[in-house]
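Pasting the structures in now, so scroll down.
Each of the two complexes below includes subunit A, the first together with subunit B, the second together with subunit C.
Moving on to the complex of A and B:
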């Protein structure tokens, strides 16, 4: 099976470092971008199976990135996971409009993220 | 390389900076490139895009990266020379830093190569340092994230235990969320002493014989944990211990003993399919935390069970004392209690009110303990004086029960169960909604049982007669709303009608409807 590719977007290096380690340990190929512009550039190079994005970022934030990523590749069916804090529930409305988009509650447990992805790929595995 | 050491291409180092640095120390622009441990270029100096192709040419004609002796290495090719040094991290080659020197410049100026060698070695050392630092950072991040997972789980347990209703299946719901948190296929809590075996699944793949697996846990695995007295981790399918404890359990196993007073009373077991990751040290520690929690929870649980058993036995003794006075009322409290609870549940009373109704209906007649036997058991009509004794019994119930803090909420139900809806009842002559809700419910159940059970002076009447009578006094003696719910309960033909030995008389029902 080819390696699944995950694009991880967060402007906080400590977050990306920890998540990247956990994801790589779980066997995923991980690309890290620190804002939306960089993320779109990465997508132009290689389309990810999953895009994991923070919301608050300098440069292009997640609220702008996610719809753009979705719109730019309408034929590529990838999962978007948006990292939000429990307190920012109103942040979720815009993301609910997007297809195949779910939430991750911050602070994020790497173990749970890995488990969640495993479930996702177990379900979508046949088609990917 | 340790799993935390990043490889050069992952580091995203600012090689331009090293190139500028080298350029300054050598006084000229250099054709610099950085390769990973396998010799694949991961960076080339600006305007040196041809370098990788040139390198491929070298490799094709027999060049292989390698350090022979100390210092800068040299490989001569047609018209150009590759000068290079290894990047060594923790005694292992993590990559190479090299420079292409064209014969025209390099060969004519061999003295410059001394400076270049020093520069290259400095750059390689700097890259190696960065590599190490990043590796350490990764290691720390990994450690931290393990600790974070532990804390995360502990917080989650804490929150969950806080939010839990005492009535819920505590162990079941805890195990369910633990299986999810730990990403384990099965979580089970087994306490052979109490014949308790609770499990939750979060299966990544089906387990066909889960019941059988649980039986194995109860037997061999429990005995093994009981004697080893410490967490058992078995990831390897060939683990020699498996032969002694299991006949057929091809899973990765984490088994933590649950202690009580220093002896193993239960085990917590997590199972994973073989394709999942091994249980780690961190998992093991988490397992211990969970086991400790279970230990105190299960202790609390059995204490609660003991207390509530004691309460019920005390109540039963009290009721026994009342009912011993009049053999005809034997079982009355229990029946009224049962019927009142059926009505309460049909009304969807909140848990607290149901609890009040529970005790109020059970103990509503304890005040009868103060009524002289001669009055209580008198077969004929009571005189006015005798009836006064009867009238005070709800107030007596109140006086007896009010001393029990736990029953404060239950007292009004017992105290006012003889009030009538139109205000003609006793002890306080309350009417309508001024009568506590629980008292109105108990009144309906009490009326029903008085009619259907045998008394000193008459045999019990049928269910249909009782219902007709209750409907007749709706609004005068009893709350019509409660009666409506009671009728609804009875329409479902509940099992207790037969269990309480209540007569049936369908003809009476028809007669009542015609009338």
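Moving on to the complex of A and C:
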């Protein structure tokens, strides 16, 4: 089974550091980008199976990145996970417009993220 | 003075009256004497004319009627009596002593009728009145009777002198009586006059008798009250209408001025929807000229949809007589024509007599930009702070989980996790502490207790406090103080916070192996405290804003997160400002930054102990 590729976008190094550790431990290949521009550059290099992005970032934020990433690769089927606070409900409307886009609730648990990805790949792997 | 004149006038007029009365009496007496003489003369002439000449003849002494008559006359009025024949020949005559019978010829009518004439007497004697007539006995031919009387003289007055004197005396005695009566009647007026004279003479400077003045004032006041009542009555009729009109105009102008001076913009709409009044403040609020609004329906000038809806709904409801128009409705909106403004509009029905009278609608426009911005800032603040608090919690939670799941022998991950957790807790702690201080500063509950202190100890404390944190990051910290530092007046606790924030930044934004220098120096009238680092530096654009609340320098290129929250420098700057000092930043990206605090040297005052 080929290694799944995860693109992790956040400007908070502690967050990307912990998540990278957890994801790599779970067997994923992880690329980290600190904002939208860097993320799009990474995607040009290698398309991820899952794009995990924070919303509030210096430079290009998640709200700009996600639609662009989706629009740039219409044929590529990938899951977008948006990290958002439970309280920031107003942020969710734009994300609902996007296909195959879900939310990750903050505060984030690396365990839950790994479990969720496993479930996602199990379902998509089974149908694929 | 006045009364004396009146007295004199009275005396003179009394004398005049006496003279007049006497004159009239004398004339009357003269007339009666003349009538008496005439009656006597006529009867005597008639009596004599019927007597025969022989009897009259007095040529023989002691005989004849003439002599007898003359001898027995009862008074001395009879001057003479004569019988004359034709041609003036005297047939008989008798005359008083010293009296000559005038030879004046008789008039022609004496032949047929009796008559009377005045004749001049000789010089110095009384005039004569002569009665004449034809003699009945014509034995001697044509003959006439002539009887002469003296003109009644004034000598007769002597008889009446006592009566006249009594009359004059009585009249004269009446004069003082009248004088006294007049004087008595005029006494109050005279007194008032004297008081006025006194007041005028003495003047207000000298002390007049209070009683007099009060009395005078009382009488004057009574008069004035009466006069003003009368004047008011007169004016009431003629001036009422114009006065009412002026009062109305005055009231209307005053009301308009009051409406114009209100801080809010006011619009009044007639029940039909036309604008009848717009205060000047409306123009800058809506960005529409007043002239374009007045006498226009709402649709003609209003370009703000929300306001138009509000007014339209209100006026149509009012036209329909609906009950909900008695309530006010408010909206907040952004005016189309004015940029960066927030307005609040309130419509209210203009009614009187509990809604029985409706004058239309009142629209009040209020500039709520400040309130809106303050609310916005408050929301931003809460969002920012909650984000700042959640981020470290998120990281702590994730590291704790990682730590729990980590292999027991993965020492590197364990140390890293614990360090990050500790850093994040410190960051939260600093944030909460600074938030509290900022809140205290902004609400004004933090009032500095300034004391005159030497900074040496304070700087040394701060230096020692910073040492362990710097060493943990392999930084060199040095303290550079002159031998003697002038005293400054500061609140030590507050100033420690400012200094600590500067040192924390100098450590946080430094490079590994760099240095932090805390220095102080005397400079003119100031003490300059500087914190110099060898860190990432601050770009020119950011330098102006580093003291802004929540402003954070972009850390995109940083290799490790610094965990700033945008309050440290803001708080430091606020504290320095509270001490009437100033804080400046000098920086070069990639080389380092220097933050300098300038404080005025506190002059040594007598009796003030330097702590």
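Convention: the second predicted complex is superposed on the first by the 125 of 128 C-alpha atoms of A that agree within 3 Å, B and C clash if a C-alpha of one lies under 4 Å from a C-alpha of the other, contacts with A are read in each partner's own complex, and residues count from 1 in each chain.
Just so it is clear, a contact is a pair of C-beta atoms (placed from the backbone, for glycine too) under 8 Å apart; a residue touches a chain by one contact, two chains touch by 3 or more.
Quantities reported herein were computed from a predicted structural model and do not represent experimental measurements.
Clashing of subunit B with subunit C is the outcome of superposition onto subunit A. Legend: residue contacts after superposition of the two complexes on their common chain; A:111 is shown touching both subunit B and subunit C. In the superposed model, A:22 lies in contact with both subunit B and subunit C. Subunit A is touched at more residues by one of its partners, and among subunit B and subunit C that partner is C. Residue contacts after overlaying the shared chain place A:122 against subunit B, while subunit C stays out of touching range. In the superposition on chain A, contact of A:85 is made with subunit C only, not with subunit B. In the overlay built on the shared chain, the residue A:49 is in contact with neither subunit B nor subunit C. By the touch criterion defined above, A:12 reaches subunit C but does not reach subunit B. Across the options 55-63, 145-153 or 433-441, subunit B meets subunit C in a clash only at 145-153, per the superposition defined above. In the superposition on chain A, the residues of subunit A touched by subunit B in one structure and by subunit C in the other are 14, 18, 21-22, 107, 109-111. Residues 11-15, 18-19, 21-22, 34-35, 56, 58-59, 85, 87, 106-111 of subunit A touch subunit C in their complex.
Looking at the complex, you find that subunit B touches subunit A at residues 3-4, 137-138, 141-142, 144-145, 148-149, 152, 180-183, 204, 277. Interface residues of subunit C, counted against subunit A in their complex, comprise 386-387, 390-391, 393-395, 397-399, 401-402, 405, 413, 420, 424, 554-556, 560-561.
The touching residues of subunit A, when paired with subunit B in their complex, are 14, 17-18, 21-22, 25-26, 107, 109-112, 114-115, 118-119, 122.
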